[in-house]
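Structure incoming, see below.
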Amino acid sequence: MRSKKQMIWASIAILLVASLVLAACGKTAEAPAAEAPAGETVAALPQGQELANAYAGQYKGTVVTMAGPFTDQDEVVFNDSIKGFEEKTGIDIQYEGSKEFEANINIRLDGGDRPDIVDYPQPGLLKYAVEKGYAIDMTTLINPEWIKTNYSDAWQALSKMTGPNGEIVAGIWARANGKSFVFYPKKAFDAAGYKVPETWDEMMALTQQIADDGDTPWCIGIESGAATGWTMTDWIEDVMLRVAGGEKYDQWVAGELKFDSPEVREALDYIEAIWFNDAYVYGGRAAIPTINFGDAPKPMFEDPPKCWFNRQGNFVTTFFPEEAVAGVDYSFFYLPGIKEEYGKPVLGAGDIYAVFNDRPEVRAVIQYFSTGESLKVWVESGGAILTHNDASLDWYVDPVTRGVAETIRNATTFRFDGSDMMPGAVGAGTFWKYMTDYVSGSITRDEALRQIDASWPK
Amino acid sequence: MANSLKSHKASQSFWTNFVLIVICVLWMIPILGILITSFRPSDEIFRNGWWNVFPHKEDVEVSRVVIPESVDVDGPISYGGKTATFQEWQRGIQLDDGTKATWYGNKRTRTLIISENKWVGFATNLTLENYKDVLTGKTITYKNAQGQTITRTGNNLGGAFLNSLAVTIPGTIIPILIAAFAAFGFAWLDFPGRNVVFTIIVALLVVPLQIALVPILQDYVKLELNGTFLGIWLAHTGFGLPLATYLLFNYISTIPRELLESAYIDGASNFTIFTNLILPLSVPALASFAIFQFLWLWNDYLVALVFLGEKNQTVTIAVAQLVGEKGQDWHLMTAAAFISMILPLVVFLSLQRYFVRGLMAGSVKG
Amino acid sequence: MNISQTKSPGANNPITKILSWFGTAIGQLFVSVLVPAVTFLVLWQGYLFLQRAAAPQIVQVLVAIVWGVGGVALLYVVTNWLVMKLPKKISKTLQPFVFVGPAVVIMGWFLAVPVVRSLVASFRNYLGTEWVGLENYKFAFTDPRMLETFRNNLLWMVFGTFFSVAFGLLIATLADRSKAEVLYKSIIFTPYALSFVGAGVIWKFIYTYKGTGIGIREIGLLNAVVTALGGTPQPWLNLTPWNNFFLIVIMIWLQTGYAMVILSSAIKGVPAELLEAARIDGANEFKIFFSIIVPYIKGTLLTVTTTIVIFSLKTFDIVRVMTGGNNGTNVIANEFYLQSFTYNNAGRASAIAIVLLLLVTPVIINNVRSFNQQRRGF
């Protein structure tokens, strides 16, 4: 008898606890962010109403969360860049930089733990968020007219992506980088009496001359941890633009032109002539896949230089020795064209901001990011090139960065890094992998091209 | 007879130690490599191998010789009684006086470096700088538009150390406790579905935890557990439980039946048997699992990043941030690896005393 | 931890006396509600305290540790206490669930349910929006990249497991007879304590290759040794298929410590009397090892082998850090990681995860067989 009662009470107790747990879990912990003081209306700025409101202090005390790949030095410079805005508006922009950003961001988006603004180092990753319908159309956040005035047609076209509800402007571009550049140790180069080549043939002649003089002309390294191979694919893209032109390039990136095609093979012929000649490459062909892309240019700065050319994006200058002075110790030349009819194409890439939560203060921040002003501090500290039309060339403090920015602006054909526009399984997968295997010599060129074609998603 | 037995024992002990020492030396080489690297200046690391800090013979430059302009560097070049092509000089030629002549740079330099093969002593440029940078935060500098140098200090490991402890200690003890209960249940209690559930647990051992990240994060966002310590303990408990239950089951099921039977006869309840008999007897197994769970949590990066985020940085995340985007700061990585290794080693050594013989010894005779 | 005192009515201490006051029906009722309620309240307050995160970090951490560990223990005690209050028959049926219940629920939530979700996702496309039938499995079983991973995982499983267990057993056995046991074991264990980021750096220094050419000095240990012996430096990690073995060496270096610790604790369990008796009978050490120690620790050997086999199937950080899976070194878990996080192909990633589960079926069967032998429930 007694035990029956006990049982009943015990069950009630358990239920009580369970319901308490549930009630507690369901309860929201914090009240929503304090409502901005509904002050007098402020005249809108060209970027939008919210930015004006923000400068009027209406969003004081609000928090905007951001995630991105900047860590270490980049994180510090980025935070310093936005400090002025934070002080003026009272909006706290909390930037969370992560080394494993690429792996982490989609988990967070899928898991519903969405940062307000995400800075994508490559648009390929953003494509996933757009396809899943997470990204908010920029034209609803920023005055569309402003986007049109402050970004070139090329950049605007690159920010359009297709989501479940059709095409949207998925993000706004931040920093750009050009990849069609060959860096060289200027001081030693001039002392040796070498001349900057204007054409591909001149470049190859100089390559032979340096080899005859007893040096290896090129420093090439494609190791990059799990992303090993991207330097090789950049080369192929760059040469593709020069032997097949922008139109064929677009077809190739879209999967309409096969890898196993005369155009790609021709591009590879040009590359092989340099890469697979042990007299031309520091360390020889076998060392290319084992040398980190950031270490590759280091022998250029030894005395005397052990190698003379490093073809890479302008970001590579951050890997140069700290004491090397831009324009004095090193400089760059444009990777020459090959076929005249295709002019002077430039290959580039960039990072792009996307928005995942629509709140007034988030709008204010993204409107601010659509101005060149937002990254001025970074530009002035070197290493960044902006996509914004309102960014002045005077901001670039060293001649090399300014030259790079000019080259990008004046390009007859500007194409975005193709491997980033291809489906991830190819562009960040088989293209890198099989090109690395091919350079290492563990598979043949034919095999590599065939495998990449086979891996293209149908 | 007794003597020969003694010498037999001595030789046995010699061979035992010999084999162990050989294996340990092999195992130590990579560790020694990290240790030495962590004390070397960053530019030195890529210049030559870490073993160069030990005394070794090396070609040391003693003088330079300039080849006169009159000599055609494309043809044969003579110096010191030897005649050779440029390529041969570039590779280096042994001269009759014992020195070696090597061409410096390309043909245009017209310079030969004369070097002698000499003993070089212990490296003297070892530094604590890497450890200082890791512990107090590395100095980050950049130049602003006015050419002023802006200096900031990066993250340091102090706070991260505490966070790591807050994650690892409960994250180690909680799953052990839960798993010990479960292992006892599987080993000694009968209930329907016992076989099926145990089979599933073994199968779960192989599940890559990455498949659980998104669903669990969704639940956490709803339960507001995201970014809390409770959330990460639960996650580590969930991911660690299959191995814990499996290992502890195997141990607990070998406890002699007679021992438990006599306890039951004395009228002890399951709970009493568990706390007073099973737990004390399982100490070596608990200790060994504790080591692994502790290590796994201590070195975990992904789970902490997803469920705890950057606000409560653990040591691994802080180290990753410190090393920077370029991933080339190997001097910092090695120093950080050593610092973060200290605590696990302390845990290992302090749990050693639980690996003692004879816990169950008395019980077997019966 | 002496819970039995507060619980058994026979014990003669003040707490029981006070408790006996609650022996009435109303008291029972009151206590049955009060105890869980108080337990819950304490835990809930702790949770709120931690969520607010207002106290200094060190205080928070201390509270977190006490709250987390104490809370779980408290929950077990209270639940058991409640179940024990039930009629004996029901309590006997329910009690096993008090023991295994929490573990099963947590594993179900954190692993089993996600597995079921993966199973569903493995039949859907990369975004999870359409059914694609067996398309993802066709990839998992026929794509040349996957076939390469199967071959490599077989190598990892056979060589990695064998040498890890063999070295672990050898060291555990020998160290047991040595005075410097802790020193030897600590050395072998150290690699396990290293974070893999650190370990990866050093193995890169061992295998690294700088190329051939004038004035290039190798900084890789292996190439330095080869050069000193008169050989030519090799790009070790690019030499298909030998590079797989260079990677497996790293696994052995790491995993031997694990095998050693578990086997060592099992060897400690071999009764000294048995060993003494055999020695007095004149058995030599080899005979003792094979006819006494090995049979005695058979169960543990199976456990260690099982876990290392499973580890070798799940291994990916070594490959990811050292070669990125290039040049014929890809493994299943690395391909899984790439598909889920780099290519964002949830369908293929899920199919690979399920294939991994299928691959361990023989291991599971083997274990269940031994589980049934050990079956001894009361």
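In order of appearance the chains are A, B and C, and numbering begins at 1 in each one.
As a working rule, a contact is a pair of C-beta atoms (placed from the backbone, for glycine too) under 8 Å apart; a residue touches a chain by one contact, two chains touch by 3 or more.
None of these values were measured; they are calculated from a predicted model.
Here A-C and B-C were compared by C-beta pairs in contact; the pair with more is B-C.
Here B is the chain whose Cα centre lies closest to the centre of all protein Cα atoms. Look at where the CA atoms of chain A average out and do the same for chain B: the two points lie 32 Å apart.
Chain A and chain C have Cα centroids separated by 37 Å. Chain C has its Cα centroid 16 Å from the Cα centroid of chain B. Counting only residues that touch two or more partner chains, chain B has 46, 90, 215-216, 224, 320, 323. Touching of two or more other chains is recorded for residues 29, 103, 107, 214, 225 of chain A.
Listed for chain C are residues 51, 214, 337, 341, each touching two or more other chains. Those residues of chain A lying in contact with chain C across their complex are 2-7, 9-10, 12-14, 16-17, 20-21, 24, 29, 102-103, 106-107, 128, 131-132, 214, 216, 225-229, 278, 282-284, 286-287, 289-291, 306, 423-425, 428-430, 433, 436-437, 440-442, 451, 454-455, 457. Residues of chain C that touch chain A in their complex: 25, 28-29, 32-33, 35-37, 39-40, 44, 51, 82-83, 85-87, 90, 126-127, 143-145, 208-216, 235, 237-238, 240, 320-321, 323-328, 337-339, 341-345. Interface residues of chain C, counted against chain B in their complex, comprise 1-4, 7-8, 47, 50-51, 57-58, 60-61, 64-65, 68-69, 72-73, 76, 80, 84, 93, 95-100, 102-104, 106-107, 109-115, 117-118, 167, 170-171, 174-175, 177-178, 180, 182, 184-199, 201-203, 205-206, 214, 217-221, 224, 253, 256, 258, 261-262, 264-265, 268-273, 285, 299-300, 302-303, 306-307, 310, 313-314, 333, 336-337, 340-341, 349-350, 353, 356-357, 359-360, 363-364, 367-368, 371-372, 374, 376-378. Within the complex formed with chain A, the residues of chain B that make contact are 46, 86-87, 90, 103-109, 138, 140, 142-145, 150, 152, 154, 213-218, 220-224, 226, 301-302, 305-306, 309-311, 320-328. Residue ranges of chain A in contact with chain B, taken from their complex: 25, 28-29, 69-77, 80, 96-100, 103-104, 107-108, 110-113, 192, 210, 213-215, 225, 292, 294-295, 298, 304, 318-319, 377, 380-382, 395, 397.
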